[in-house]
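What follows is subunit A paired twice: with subunit B in the first complex and subunit C in the second.
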Partner chain A sequence: MVEVRDLTVSYKVKGGTLNAVDGVSLAVRKGETVTVVGESGSGKTTLGMVVLRLINPTSGQVFFKGEDITRLGEGELKRFRGRMQLIPQDPYSSMNPRLRVGEIVSEPLLGREDREKVKEALNSVGLDWAVVDRYPHELSGGQRQRALIARALVSDPEFLVLDEPTSNLDVSIQAQILNLLLDLQSSRNLTYLFITHNMAVAKYVSDRVAVMYRGRLVEIGDAKEVMSNPLHPYTKALFDAVPEGDFRAKLRELEVRDEGRQKGCRYSDRCKFVRDQCRLREPDLLKVKENHEVACILY
Partner chain B sequence: MEYALSVKDLRVSFYTRRGVFKALNGVNLELRRGEVLGVAGESGSGKSTTGLAIMGLLPRNAKVSSGSVLFDGRDLLAPLTSIRKFSTGRNESAIRKLHRELAPIRGKRISMVFQEPMTSLNPVLQVGYQIAETLVIHNPSLLASRKLARVRATREDTTALLKVIKENEGSETAVREFVESRHLKGLEEQALFIWRRNDINELRKERLILDLCCEKVGSTTKRLLESLEGGMGITKAPVLSRLLRRVLFKEGYRKAVEFLSTLGVPNPEKVVQMYPHELSGGMRQRIVIAIALINNPDVVIMDEPTSAVDVTVQAQILELVKDLKRRVNSSFIFISHDLSVLGEVSDRIAIMYGGRVVEVGPKEIVLKAPRHPYTTMLINAIPTLDGREIRGIEGEAPDMRNPPPGCIFNNRCPFAMDKCRKEEPPSYKVSEDHYVACFLQGGK
Partner chain C sequence: MSLYRNVRRDKTLMAGLVILVVIVGLTVISATDLRLLTSYSPYSLNFSASNLPPSAKHIFGTDQEGRDVFTRVLAALPVDILTPFIIVVASVLLGGLVGVVAGYLAGLVDEFLMRITDLFLAFPGILLALAITEILGQSHVSLRLLYSEVALIVVGWPVYARLARGQVLQVKNMPYVTLAKVSGLSRTQILRRHVLPHLLPLLLVYSTLDMGAVILNYSVLAFFGLGAPPPTPELGRMVYDGLSALPQNWWSSLFPALIITIIAVSFSLMGDGLRDALDPRMGERYARA
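After this line comes the complex of A and B, so read on.
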């Protein structure tokens, strides 16, 4: 469905360049949910933006349904825009406060005010038709997130990038939205690239999980496999940091990260299994099992 | 049971142009000495308002229609509840009076850690200054005696002190007795801090402890410090007060370095010289926690201290809180929307909904065997790593301008009965220490 190859996005910063995304290759198959997890600054949001070509990659390629869209201009991209959509993180700042909900939701239709389509989209996310005349500030957080989902659905997309769609919501509402997203996926046969920092949410929604650390994919595989048998030390640390449902304390401190770039594996300065070889060369993703790859010298 | 703090039937409403928001509708909470009380709830449930009300940090449009916050035998909110006819003007002057009354308590006996570490630190002041400030304001005599102790101590004193420390292997009481016998109060914590460091070797430690003596100060400064130690406030005389403040802040930085290192901040000497923007989120949160704790307060209110940070940093902060709970004798109110975070740190958990405490009890019971329908549904809505199915709570939080009559949860509750729509359920005791405000638990 969507594929990126050797994707790099770099920004010029004081004293050099920063590779927000560094040589990432990832394929999302039709109808599945791939979740990208990582801390803030790991490049997961940037990756989502590049896949939609909202940010241009420095190098590498993006394919949508087999077509290379890396070098397409804005005009040509219009053909694809409706078919891939973004559900942004912050429902409060992602809507124009001066537009009514009806106008916001019909935006992707590019001027063709199609009442039926809007109605259907609102219906499918469980919103009442009455909201079309309201302004965003009159809606609650959950309703706003639903309206954003409706906006993404109105152009009948096949592929959605969901950038932390529930991290600003209360848990009871978060559960509603997650279940709604899962229902929509099966009824409309959607493909999701789901971005989150919450491991439990990742577990709930994903078919496959990709773990990012400082711009690089360090582990990718079937959700069940990665969750039950995490291999990369960073993935393990992420799981250990989750406050457990059964409240047996399993927290382990991660040392404060050193921002300097070093040679070799970028996790080596925080890794507790670090060896000499780790500092020499950056490890590549290695297949350890069918559907499970990890970039660590230990395997 | 003796309480560190108790909130009784607190009702607060906000008067806005769009109506009167009834934020707190009879909140009852007791904080026991030395415990961590977790307060959970969704946005709008009143958990933050409760925290702010305890600190007296309410805006002028907040009407405290009834209730009290009892701390140390007095009602902190008395100036607000005594207003007879509410108007923002009258409330404003009452709040000003409240601020004056609470100033000696805030930051010293009750302190607060806010959610956003970037906005709760002053961006133009070094973090060391901000920590020292709370000391200079609330505890200048401690700083004075620390400084004076080093002035008064002779080499012979510190040599003897070192011997005492070595013989008793850093036992606090022995050192304190020795220091008091020589009238060198304030020296003990400095010496013990050096003794407990583990980044330097024994020889260097001994040198540093021996060097805690024979400091020179000007005669004026010495006189000023002595009067401060004797219980006088900081002088208001223009030149002298500045001189004194400079000495105190310098001492405050020293103490800040010691305190930060106990909070696990690496390189505290450098960190105190830094500005908030130079620090990472987790480090900033540690600074805020240091400011809240440095005066050894009785009560610390933490309002979502981990909501703005990454999971890995969150894990560190939670570890820190658990560690503090063991080490200091403060009581904590830990406010969070995340029940799994509360499960990590709390002794007891109170669940809030619609401005009321609907369930409160020991954490194991509240989380494993909740009795209020809302608590049950809330727990079922949390995604966990074991991958069970989650279910959202149908409907939205009630409009707090017109809360439904009766039980505030009745419009979302699957078990709502007629009675629930008419009467407000009282708090039933369902087992030892476990209280639930729901009619389903009644009659037991």
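After this line comes the complex of A and C, so read on.
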């Protein structure tokens, strides 16, 4: 469905370039949910934006349904707009406060007035038709996120990038929204690229999990496999940081120390299992099992 | 209509609006036929009635030449309202255009346009306007009104360019604009749908507030004799002409000055009120109060 090959996005920063995404290859198959997890600054959101062609990659390719869309201009991209949609992180700033909900939800129809489509989309997210005349500030956070999901569905997309869609919501509403997203996925046969830093959410929604660390894909595999048998030291640390028991001590391990760019594995400074070889060369993804790859010298 | 209701409830806006309606009403009548408002002529001299204090016959008194000050104030309104209005509208259009282009296209265009804007902003406004009018006005006295307009536009537009650019930059990076891009809206559509609706109320509010300042600035130019050529009555010029008769004849400069102040203040009140009334979240706030 969607594939990226050897994708790199770099920014110029003081004293050189920073690779927000560094040589990432990843394929999302039709109907599945691939979750990208990682801490802030790991490049997971950037990856999602590149897939949607909102950010141009420095190198590498993006494919949508087998077609290379990496170098398409805004005009040619029109064909793909609406077939890929985005569910944003912050339901507050993602709605223009001057527009009514009806106008917001129908935006992807690009002016083709289609009451039925809007009605159907609102219905499928459990919102009443009456909200179309309301302004965003009259809705609760959960209602806004539902409206934004309806907005994404109205153009009949096949593929959705979900950029931490529940991280700004109350815990009680998070579950509702996640269930809604899963229901919609099965009823409409949608493909999800789900971006999150929340491991509990990742556990709940994923078919496959991709772990990113400082722009690099360090582990990828079937969700069950990765969760039950995390291989990369970073993935282990991430799962250990899920609040249970003595998580405070473990969170310490995850604290970001801003090391300069060094040779070798970029996790080596924080890794408990670091060896001399780690400092020599950055490891590539290695297939450990069917459906489980890891970039670590230990395997 | 919630906007209408907000306007009604906002006392500041109402006060500004009432004063303005009266003044604009007087201006229109004065421009159509001054004799509907007063029996005196603003031009003809009558030295037997010079320097009369305010009374029932001459409520603002008469000046050194015996002209009724109230009549002259009325006759001055069209020039003193219309000129600042033209200046502000032209500044908004020019500055708004520059700002939107700079903010939306970004990059080198932005850099270029903003450096030009800075260049104009760097001069102290009223001094620049005085200089421009003085230099241009020397040669063509009859075109002095036009020159003073040009001068105040030159001074006025950069602020709007800054304002518009800032707002465009802010809105441009909002997540809802990202969503619009994903959905395939073109740049023009995004501009029309998301950017301009945030910009226009801001420009409206700011230009209303600015009207007061421009009226004052124009009066300063007129005070120095750089406005419309005589004998056209003009509030700023009347203040200046009255100075030589102080302190005995205080009314012939005080009343024009007072009217300038009232007009400027009413625009300020209205600008403040409009800012609140145009915020879509205001309905909510009023409902709770």
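Convention: the second predicted complex is superposed on the first by the 287 of 299 C-alpha atoms of A that agree within 3 Å, B and C clash if a C-alpha of one lies under 4 Å from a C-alpha of the other, contacts with A are read in each partner's own complex, and residues count from 1 in each chain.
The rule is simple: a residue touches a chain if its C-beta (ideal position, glycine included) is under 8 Å from a C-beta of that chain, and two chains touch if they have at least 3 such contacts.
Just so we're clear, the structure is a prediction, and the values are computed from it rather than from any experiment.
Asker: Should A:Gly23 be classified as contacting the first partner (subunit B), the second (subunit C), both, or neither?
Answerer: Neither partner.
Asker: Could you tell me if A:Ala200 is touching subunit B, subunit C, both of them or neither one (first, second, both, neither)?
Answerer: first
Asker: Look at A:Asn96 in the shared chain and tell me whether it touches subunit B only, subunit C only, both, or neither; answer first, second, both or neither.
Answerer: Only subunit C; A:Asn96 stays clear of subunit B.
Asker: With both structures placed on chain A, which of the two partners, subunit B or subunit C, ends up touching more residues of subunit A?
Answerer: The larger set of subunit A residues in touch belongs to B.
Asker: Applying the document's definition of touch, where does A:Ser140 land relative to subunit B and subunit C: first, second, both, or neither?
Answerer: first
Asker: Of the two partner chains, subunit B (first) and subunit C (second), which one does A:Met227 touch, if any: first, second, both, or neither?
Answerer: Only subunit B is touched by A:Met227; subunit C is not.
Asker: Using the touch definition from the top, say if A:Asp170 reaches subunit B (first), subunit C (second), both or neither.
Answerer: In the superposition, A:Asp170 contacts subunit B only.
Asker: Classify the contacts of A:Glu39 with the two partner chains as first (subunit B alone), second (subunit C alone), both, or neither.
Answerer: A:Glu39: touches subunit B, not subunit C.
Asker: Quick check on the superposed pair: does A:Gly126 touch subunit B, subunit C, both, or neither? Answer first, second, both or neither.
Answerer: It touches nothing on subunit B or subunit C.
Asker: Name, in rising order, each residue of subunit B that touches subunit A in their complex.
Answerer: 42-43, 266, 280, 282-283, 310-312, 314-316, 318-319, 322, 337-341, 343-344, 363-364, 367, 377-378, 380-387, 390-394, 396-397
Asker: For subunit A, which residues are in contact with subunit C within the complex?
Answerer: Touch residues, subunit A against subunit C: 52, 54, 74, 77-78, 81-82, 84-86, 88-90, 93-99, 104, 107-108, 110, 135, 137-138, 148, 151, 155.
Asker: Touching subunit A in the complex: which residues of subunit C?
Answerer: Within the complex, subunit C contacts subunit A at residues 174-176, 178-187, 189, 193-194, 197-198, 280-281, 284.
Asker: Would you tell me which residues of subunit A are touching subunit B in their complex?
Answerer: 39-40, 140-143, 170-179, 197-201, 203-204, 227, 237-245, 247, 249, 251-254, 256-257
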